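In the two complexes below, subunit A is the common chain; its partner is subunit B in one and subunit C in the other.
On to the complex of A and B.
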């Protein structure tokens, strides 16, 4: 299986990095690598949408935030005062609620993380479906603006809602026990385990997306991207394929949002912000658009640097600048850059179409 | 048996009546040609039949079913495939992949099957690839399989587009000026190929503004001029038709 050799290499790299940080006593790097892994899931999903199906979304931070905020809200909202109401009793009976104590010893009864995650992800997918139907009829700039509008709405809703903690966001989100002993949590002792959880998710997502782009569906998506009219005439329901891809990438963003929120123990409105969406688009672009590996590599590297504070207070500006530079010099992305030729062309006075 | 029945078809673009009250039928397993000078409305007629453009009035009945309101992909699913006057291949995909896309209506794997790459999906992929290679072989371009479609020579691109349409194993094939831009040898080649396709049991509706190609291979010919049908007959009779001769000799618009 030739297509999976790079994935084995990735797995080896993931393990090597963990061992290296252990030997050098620098396991603190794993925290940012875990977070970068989750962001990478958003980015490769967006890469499928932008690079393969040819549809832009400037609202993907919105889907990430819907995933994160919904699971945060559902797993922290204390239902103890409703515990005698029928619906709470019923949920409890089916094991859908989880009781615990917060930091101050107060008893909390809230949604079980699995159920919360499921609700959050289904909600994000449903919203993607509902807005995707009208919005994906648009093309180019219009699609960009419509998805940007969606992202702004989501941001404002989270910022303005008391139930989502307004400007403070939601904190105190409990760990997410995926399996017995496998818990998505930011607690100090679980650092190595959580690094592996995140990168398992990345690898699983990569396997599925690599399979997809090499399948009948992937061919159909590339055909739509290249010549939509002819694709339709060959029997491809172009509107449906675009919509399904949009929903799939929104779901991946929401899954990442759920995981990262449990890992961080909370989520704030900046995760829903437009600058986050721009960052995701910039990272897909810098990775080479129709290049899952490029999106993954650039996404992890640049997010890691950003999380380490490498860009200082210019953080958002850096990603904006990356987008501009890529569009000017290397629309095919950095990893396929033939810089010398591009520069020559640019300075010979030629202009791009 | 009539496989395609067109009645009183009308289409205007603003003030221009591109197709006016056109009607004719196409018999199964035949080659029918639509000829006429440039701008006669031939491509527009194809766009109406294949669902690319909606028509203003009239009807198109394919295999007993009215096509009005169906999207192009739905018409393709019903067994109609087409090629374009100005070739529309999928850029950035190899010749083989282009033809594999043509197999879309004959295969099933969806998003979930694609992501999981189930054994059945793998078998289907192999079938798609095999069939596509077979068609590249039929068109004698199997050596071009892995070359990016956009970088092929013009005649080769036409062949790939042909193979892509055939990959759907259509009941009916619409060919819009398949010989446009080809030299005489290549045109003769295309003529042989179209006859071969008919012999495979596929009905062919062919648009051409060059009479030489169609006279030899067509079973019947419809002549369009300024959006209207002015004649419909056997090739020999069309060749003798005074009005047709006048259009072709007198029109001289290209």
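On to the complex of A and C.
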């Protein structure tokens, strides 16, 4: 159980931050903390792929955007003009459609958020599976360029498609009722509740990933990262493990995309942009590659600062600089730069090298 | 994509329109080839794919545009190329040179970081606006008649300068001592060191050289394609596609592949919306990576042998 102690600490931290903001009257921080939480889900998923399986992906914003855009499109596309057609009637009969009114009182008939989210996530997973089979055979530069290319194609498609709102993106996305009374929405009154929804998702994802990396699968992944040929020779089906990890991290990105889109009430093409993908990679790198906690802590901190506008117009430049500095001076990550290891080395004397 | 905008959806295709497509395709194609050769030069000496390659092209154009009001155009271009070469050398010295056997992943991330920094610096220096150099001869409406179709003289400048660059580069690598040293460094770094070649300096030189040719291409293409702070990324992807198509490290292959991709793109405009043009070349990249990662022209067993 020892490995879950930090999770309890995280839970305590999440609750105490909420109470602290309540107490000091700064609950507006919770909005950015909620968003950072969702981004953190993408980052820890990517951390599994990059740090543990050793496969770079410069296209993860693409999976995030597929989740967000599909969910947004399905829940906002008005089917009212098709309401007499057989397929719409059939969908409605099974309770898969939700009727509501928009801001101007116009009747809207669209997919249930649950169904939309499911379709979005399954689609992202399927695309990851199809893309992953050929892509993960590549290594090094080729892998980086192929995933970058995938990300750009996704970006271009969303930017050029009328159904996805072209450069404006999609707005007016309704709330996502997870459970009765638990709704993912950006409305003012639901701020505290949504903060807890986001961080519950983060903790669930962390539990899942921590279990995974401490299992047989995790050891296999580390073997792949260390030396793929050797892992193969040991009887590890490397291709299969890499693919599963890729799909899992894509699904996590898509889930985060779905939630954040409902929370923000919309999504724009910049969410699919190359800079976003690079930013996720940067945050994993700062966290220390094979370090879920590092990725989580650095991801939340830097995203929070960025969302608060702390870096001003130098936002992208800051992440570029972070990438370079970390990779030049601390390729093991900022948190691994700690002196503990070096001190240990010092005290163990020269007997062991 | 400015040069392609006058190409409208006229069907059936007349022979004149056909030629327009050809010229547009060749113009972009030769530019892609130059970017690809820039990739190749650095890849051959270091094994690095420099993700900031496209930024050199943007930087060359931008610096020349800024210098142009102060001095005659040819001088502005020469200075822009020299400054970009210095930037290239500086990048290598500051970020790459002192790393001890860095992993590929680390180098990828570092060069991506460099490209972001250059782009953001350009954004803060030159703003978001679209700029361009003046036409070298005449202006945007002047044209010359070739094979019964009318094209801008700037198109000829682009093709001419890029062709001369390709020829000079191959002569440089074949016949000058410096070029042969660089080739030796590419073939076997340890052996080159043993022969008394300072391989580290060769790496710096390769960054300067590829920055220089990128900057020159950026200058000649600026009047027709315009220059914007974020123009590098798209070019880098196209250039990389071409470098892979031609077989990584093979510069003659890159020229052929560049022209091929340029033509494919130009003709794709007649069947697909312009917005999907980038998606096409990236799809080509993905397909080639999956099917023939050693390039269209290379053979699998010779892919390991590097050739300028």
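Following the convention adopted for this analysis, the second predicted complex is superposed on the first by the 337 of 353 C-alpha atoms of A that agree within 3 Å, B and C clash if a C-alpha of one lies under 4 Å from a C-alpha of the other, contacts with A are read in each partner's own complex, and residues count from 1 in each chain.
The rule is short, and it goes like this: a contact is a pair of C-beta atoms (placed from the backbone, for glycine too) under 8 Å apart; a residue touches a chain by one contact, two chains touch by 3 or more.
Here the structure is a predicted model, which means the values were calculated and not measured.
After overlaying the two complexes on the shared chain, residue contacts for A:233 are found with subunit B alone; subunit C is out of touch. When the two structures are aligned on the shared chain, A:80 is found in touch with neither subunit B nor subunit C.
When the two structures are aligned on the shared chain, A:220 is found in touch with subunit B, with no touch to subunit C. When both complexes are overlaid on chain A, the residue A:130 reaches neither subunit B nor subunit C.
After superposition on the shared chain, subunit A has more residues touched by C, the comparison being subunit B against subunit C. Of the two partner chains, subunit C is the only one that A:319 touches; subunit B does not reach it. Contacts of A:274 after superposition: subunit C is touched, whereas subunit B is not reached. No residue of subunit A lies at the contact with subunit B in one complex and also at the contact with subunit C in the other. Of all the residues in subunit B, the ones that touch subunit A in their complex are 50-52, 71-73, 76-77, 81-82, 84, 88-93, 97, 100-102, 104-105, 107-111, 113-117, 121, 124-125, 128, 164-165, 168.
The touching residues of subunit C, counted against subunit A in their complex, run 49, 51, 95, 99, 102-106, 108-110, 112-117, 119-121, 124, 233, 237, 240, 244, 273, 275-276, 278-279, 282-283, 285-286, 289-290, 293.
Here subunit A touches subunit B in the complex through residues 208-209, 211-212, 215-220, 222-223, 225-227, 229-238, 244, 248, 290, going by the rule given at the top. Across the complex, subunit C is touched by residues 54, 56, 58, 134-135, 137-142, 144-146, 148-150, 152-153, 156-157, 159-160, 274-275, 278, 281-282, 285, 313-314, 316-317, 319-324, 327-328, 331 of subunit A.
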